[in-house]
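Chains: A, B, C and D, in written order; residue numbering restarts at 1 for each.
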Amino acid sequence: MSDTDKQVLLEVKGLTMDFGGLRAVDSIDLSVSEGEIAALIGPNGAGKTTFFNCVTGIYTPTAGDILLHPKGKPTRRVNGSKPNKVTTLGMARTFQNIRLFPDMTVLENVMIGRHCRTRTGLTGAILRGAAARKEEQEIVEFSYCLLEKVGLDEFANEYSKNLPYGAQRRLEIARAMATEPFLLLLDEPAAGMNPQETTDLDALICRIRDEEQIAILLIEHDMKLVMNISDKIHVMEYGKKIATGTPNEIKDNPKVIEAYLGEEAEA
Amino acid sequence: MKNLKQSLAVSLWFIFLTFPLMVVKVNTSDKIVQWRWMNILWVGLAIFLLSFVWRHALARKEARQMAAQSGQDDLNKPTRIQAMLEDQKLRTRAMFALLIVALAFPWVFDTYQSTIMISALIYVVLGLGLNITVGLAGLLDLGYVAFFAVGAYSYALLNHHFGLGFWTVLPVGGILSCLFGVILGFPILRLRGDYLAIVTLGFGMIIKVVLENWSDFSFGPSGIANIDKPSLFGLKMDIAASTTYIYYIMIALVILTVIVTGRLKNSRIGRAWIALREDEIACVAMGIDMARTKLSAYALGAFWAGMVGVMFAAKTTFINPASFTFMESAIILSIVVLGGMGSILGVILGAMILILMPEYLRAFSEYRMIIFGAAMVLMMIFRPQGIISNVRQKYQFKGLKEKTENV
Amino acid sequence: MKGFNLLLAALVACVTLATPTLAADTIKLGVAGPHSGDLAPYGIPAMKAAQLVVKKINAKGGVLGKQVELLIQDDQCKPEIATNTATKLVTQGADVVLGHICSGATKAALGIYKDAKIPVMSPSATNPGLTQSGDYPNFYRTIASDDMQAKLAVDFAIDKLGAKKVAVLHDKGDYGKGFAEFAKKFVDESGKAEVVLFEGITPGAMDYSSIVQKIRRVKADILIFGGYHPEASKLVAQMKRKRMKTAFLSDDGVKDVSFIKVAGAAAEGAYMTGPRDLSTIPLNAAATAEFKAAYGEDPGAFFQEGYSAAMALLNAIEKAGSTDYAAVTKALQTQYVETPVGKIKFDGKGDAEGVGFSVYQVKGGQFAELK
Amino acid sequence: MEYFIELFLGGLTRGSIYALIALGYTMVYGIIQLINFAHGEIYMIGAFVAYIVCGVLTIYGFHGVSILIIAGLLAVVYSCAYGYTLEKVAYRPLRNAPRLSPLISAIGMSIFLQNYVLLAQTPDFLPFPALIPDFEFMEPIAHIIGSPELVILVTTLVTMIMLTLLIKYTKIGKAMRATQQDMSMARLVGINVDRVISTTFVIGSALAAIGGVLVASYIGQVNFYIGFLAGVKAFTAAVLGGIGSVPGAVLGGLVLGLTESFAAGYISSDYEDVFAFGLLVLILILRPAGILGRATKQKV
């Protein structure tokens, strides 16, 4: 797939993050284009999640630029922006160690995602005027539709903590989608899933890209999944990016094989 | 047999533990030592019996937890009360009955009972207010009484200096207290959990010290007396009538609070508060502005305390800094936690129990506080989710499928 | 179950209230004060005094041929609870009330008694405003007010001790700060001495070493302290430890046996004001003996005043011939009564005529009145 | 200058007591993230037991140093016993409960213990004998620093050194540090976490008891209510220094004591508490984890 005609959505240049003396992310360049599913892989501790955290505003990077190019809107540099700003701009994420709101229902979890796209304030909430009620109804319906898309509609009124593991991961995806992002960052979405669930996830991710026109950047260890769905793969090791390319190019890249040898053998 | 031995050991341990305090009493100036040997017997006996109950209760609790873990018994299964609450018809009926009882109360019971009830209702509103901050938004506040004081002093001072009436100051007190909440909230936004607790505790104490020392402003420790009671078209009311009147104002205020907090809880803002409590990082990553959400939780919690502070000043007609101690904050917090964090009905019940219990325990006035303390501990151990645990709203929805079918 | 019983009891009470009340067959004396919590030591002696008085009077046939019934209520010295307590006493039909103990609680409760036309007599609420403001015509007390006490203290410090530099401290409380402010005012007015330090200390603080150093630094001749004995003991003990010679003068809140017990040797030489010596009054000796016989220990704070207040109230009802508010008021203001604090009646504002203050000094572990 | 030194020493004395109590808070917090609100009551019980023992011994004719030693020892023993029981009864059943539950339980326990002592003994203030004699050699400077202050400072110093050695070099100390780092990991490597927690309570209680006896003897009185304010201040000190950090608690205690002393000495004791808490807010704004607390970056 050629990138030339597609708009670049996320552009990262020379991103560096230091923790004390440790350089967790070392001048990474990376970009994600419209309609793309990109994967970020690498051995444990390579700095992938730190990269995500920098990009989404949870950490403020030591150096580098993170540029967002929303469609039809001016480019924004989001280094050090608060996470909620980044999300509002149109980039949402999920977490490696699931971070749902356990004591809220499944539907409510998704409704939280609608927060930044709705506007009912205090007075609206207290008086419950027509506008507020309409908006609330829209939130509920929008969220429910998303649950249907990820196949969780039957659990809508369950507490999210009672969901099985795989379902929790899907719920996180639905919650992130509720913020209407143009780019979705998924941190190990298949972790802890059985093969059947992984296959379903595979399809889900493709559907999100095709039906919702959301580009995806994911961190994943399940190589089968990565190879199946990615348009482009970025490989990190020790904070540095060591390779970029299509799945086929990556598969044969000697550097990648070397980096992965121990890891693959273990797995 | 094993149990017997264990209980014996426990009671021996407690006899040892309580020996110096329970048995010995010295009077150093008269050089007399009083040995109260009988107390050993009582302590031993009581602990021996209690240890059986304790073990039994703990075992039951553990069994329940185990069952929940293995999935046989869902801990979140609605209890009977909760199931009843779900039933719309029953709920409306219950509410109606409750309203009738509440309205009839001052006519059935005497003035004293109404006064006590007013106190309890004041704490209901305080509990519901703090419930926003602690129960919903998860911001531990140990100095909540400061906002209560702001409200009370607003009314006392505005009434004293400018003769402003109760109805004028009621919203003013709420708003002033709200502002105070925002001012206080700003510097501590960055603090997490228990740091927040100690800082808010500090603020509570600072307020009291300032009220005590800044005599030109607050009249110092001697307080402000002769605060006007709420007026009703300038009618002059005797004590019974004015108590009844205040009682009804309080009922109205409670209903208002319940409606408002109930609506907030299931609104866009309320959900943001809960999300903030559940997971701060995920919450901001989902596009929620943390500073604004925290401040709104603080300010709204403070608002109710301010309103009801005005009420308190009007009811007591006298206030001084001694009414706004840490103990009050602790009691309000206990109301929220004992009642069930986040649950409106729970908080109401919690307030009723915690405030009415000491009043009716007057017969054992000496033992009142010790029972109170013990009850708090026991509640936490055997029912940590509170009397009534919070239940989230269930939604009715039309999904994609139905929609597409209709097309 | 308890709640149910209470409900039932309340219902029964309501029914009985609703039926036309029979002529009350007892005289009801309400007693309110702190009977639990940290301030209980100030409330319990007055309560016990009332019990003793009532027992004695009932044994002699009561008042106006009726038995006296005690209604005892705990207010914990908290204003908000005091209003509940007052309402309860009013509802229970108290004819007269002995209490409350703390000035703040008294102020909060008085409005309720005023509306219900019940005379109230406190053995201990010394806040000047209670009588002098004129807001509470139903209020009386068997103890002199703070300003009188402060005046006496300041005169003593300046005239007898020749103090030039006076340090004034208080415990930030209602009573202590009131006393201290009056003391400051009187020192300023006298023109013979100056106040070199006026500050509040935190009750319950671990120690007062910095404030004691400060007193030494300003070279005060005398420290006038407004507050209660626990803080006073800490202050004198630390002053002694710093080898200071500054005289210590305090108020009635300190003139408590606990002060001597707790401060021990450091209390020696300390001055304090307090109700004038009552040991020559036979009634007082009798009351104290009664207490000792009943409880096996020395009576605590405000026992005599409580005893006197109970006597004065019941005497006024006897003299008035009824429990009617106007009649009782008149009796209180016109009829002298012999009590452990002396032969007293009350002025139009409610202060007792015939009670006075003296200055005491701790000598050999005893309070010695300075004539 | 002399005035400054006096205030400094006074603040140091008060600060060491704060530090002794703060250690109990910080150690417990470090391990189970609980604000042990009842810790102040343990300190009070220590002082009370010492009072009772002293009273009995004096009446039965013991003298001087023997009283001090026996009373001090028994106070420590009983405080430890109370701390141990407290943890077992009020906190252990709540190990997996929501975060606020143990806190409420702690507040309840604090109320319970206060009223227990009130009922079992007396609401009055009681005279505590001056156990620490006035040393002859101190007499010339007694107006600057008295013998009791000296004893407090020395005892605190010795206690701190012993505690540091205990934590650094003993087996239980290492287990405590491991549990503080990661409780489930510590359990995996075979550390009896329950025992470590109990030990932490016992050590904290012992320190509080030492503080209680020293203070009671210094100011000469005990009462059931002395634990509350001391507890709040000590907790403030622990947070100030960085809760969870042992040297932080000591530093926080000293800083708080000195601040209070200087504020009362040079400005006014009217607002003593305002200065104390103002300092706390200021430091937390500048360093949200306290002076020596490590700002932990939350793992995402």
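Details
Keep in mind that, in the parts below, contacts are C-beta pairs under 8 Å (C-beta built on N, C-alpha and C of every residue); 3 or more make two chains touch, one makes a residue touch a chain.
Note that the coordinates shown come from a computational prediction; the quantities given were computed from them, not determined experimentally.
The chains in contact with subunit C and with subunit D alike are B. With steps allowed only between chains in touch, the distance from subunit A over to subunit C comes to 2. Closest to the protein's overall CA centre, chain by chain, comes B.
Two chains share more touching C-beta pairs than any other pair, namely B-D. Averaging Cα atoms per chain gives one point for each, and the point farthest from that of subunit B is the centre of A. Chain centres here are Cα averages; for subunit A and subunit D they lie 48 Å apart. Separation between the centroids of subunit A and subunit B, computed from CA atoms only, is 41 Å.
Subunit B and subunit D have Cα centroids separated by 29 Å. With each centre defined as the average position of its C-alpha atoms, the distance from subunit B to subunit C rounds to 34 Å.
Subunit C has residues 37, 172, 200, 261 in contact with two or more other chains. Residue numbers of subunit B whose C-beta contacts span two or more other chains: 28-29, 209, 213, 281, 366, 369.
Each of the following residues of subunit D touches two or more other chains: 126-127, 228, 270, 272-273, 300. Within the complex, the subunit C residues that touch subunit B are 2-3, 6, 10-11, 13-14, 17, 35-37, 73-74, 77-80, 83-84, 87-88, 90-92, 103-104, 107-108, 111-112, 115-116, 127, 129, 135, 172-174, 176-178, 200, 261. Of all residues in subunit D, only 29, 33, 35, 45, 48-49, 51-56, 58-60, 74, 78, 81-82, 85, 89-90, 93-94, 97-105, 107-117, 119-122, 126-127, 129, 228, 232, 235-236, 239, 243, 270-274, 276-278, 280-281, 284-285, 288-290, 298, 300 touch subunit B in the complex they form.
Those residues of subunit B that touch subunit A in the complex are listed here as 74, 76, 260, 263-264, 267-272, 274-275, 278-279, 281-290, 296, 300, 390, 392-395, 397-401.
Those residues of subunit A that touch subunit B in the complex are listed here as 56, 58, 82-84, 87-88, 92-93, 95, 99-105, 107-108, 111-118, 120-122, 124-126, 128, 132, 135-136, 139-141, 144-145, 147-149, 153, 156-157, 159, 162, 175-176, 178-179.
Interface of subunit D with subunit C (complex): residues 3, 6-7, 10-11, 13-14, 17-18, 118, 123-127, 142-143, 146, 148, 215, 218-221, 223-226, 228-230, 233, 260-262, 264-265, 268-270, 272-273.
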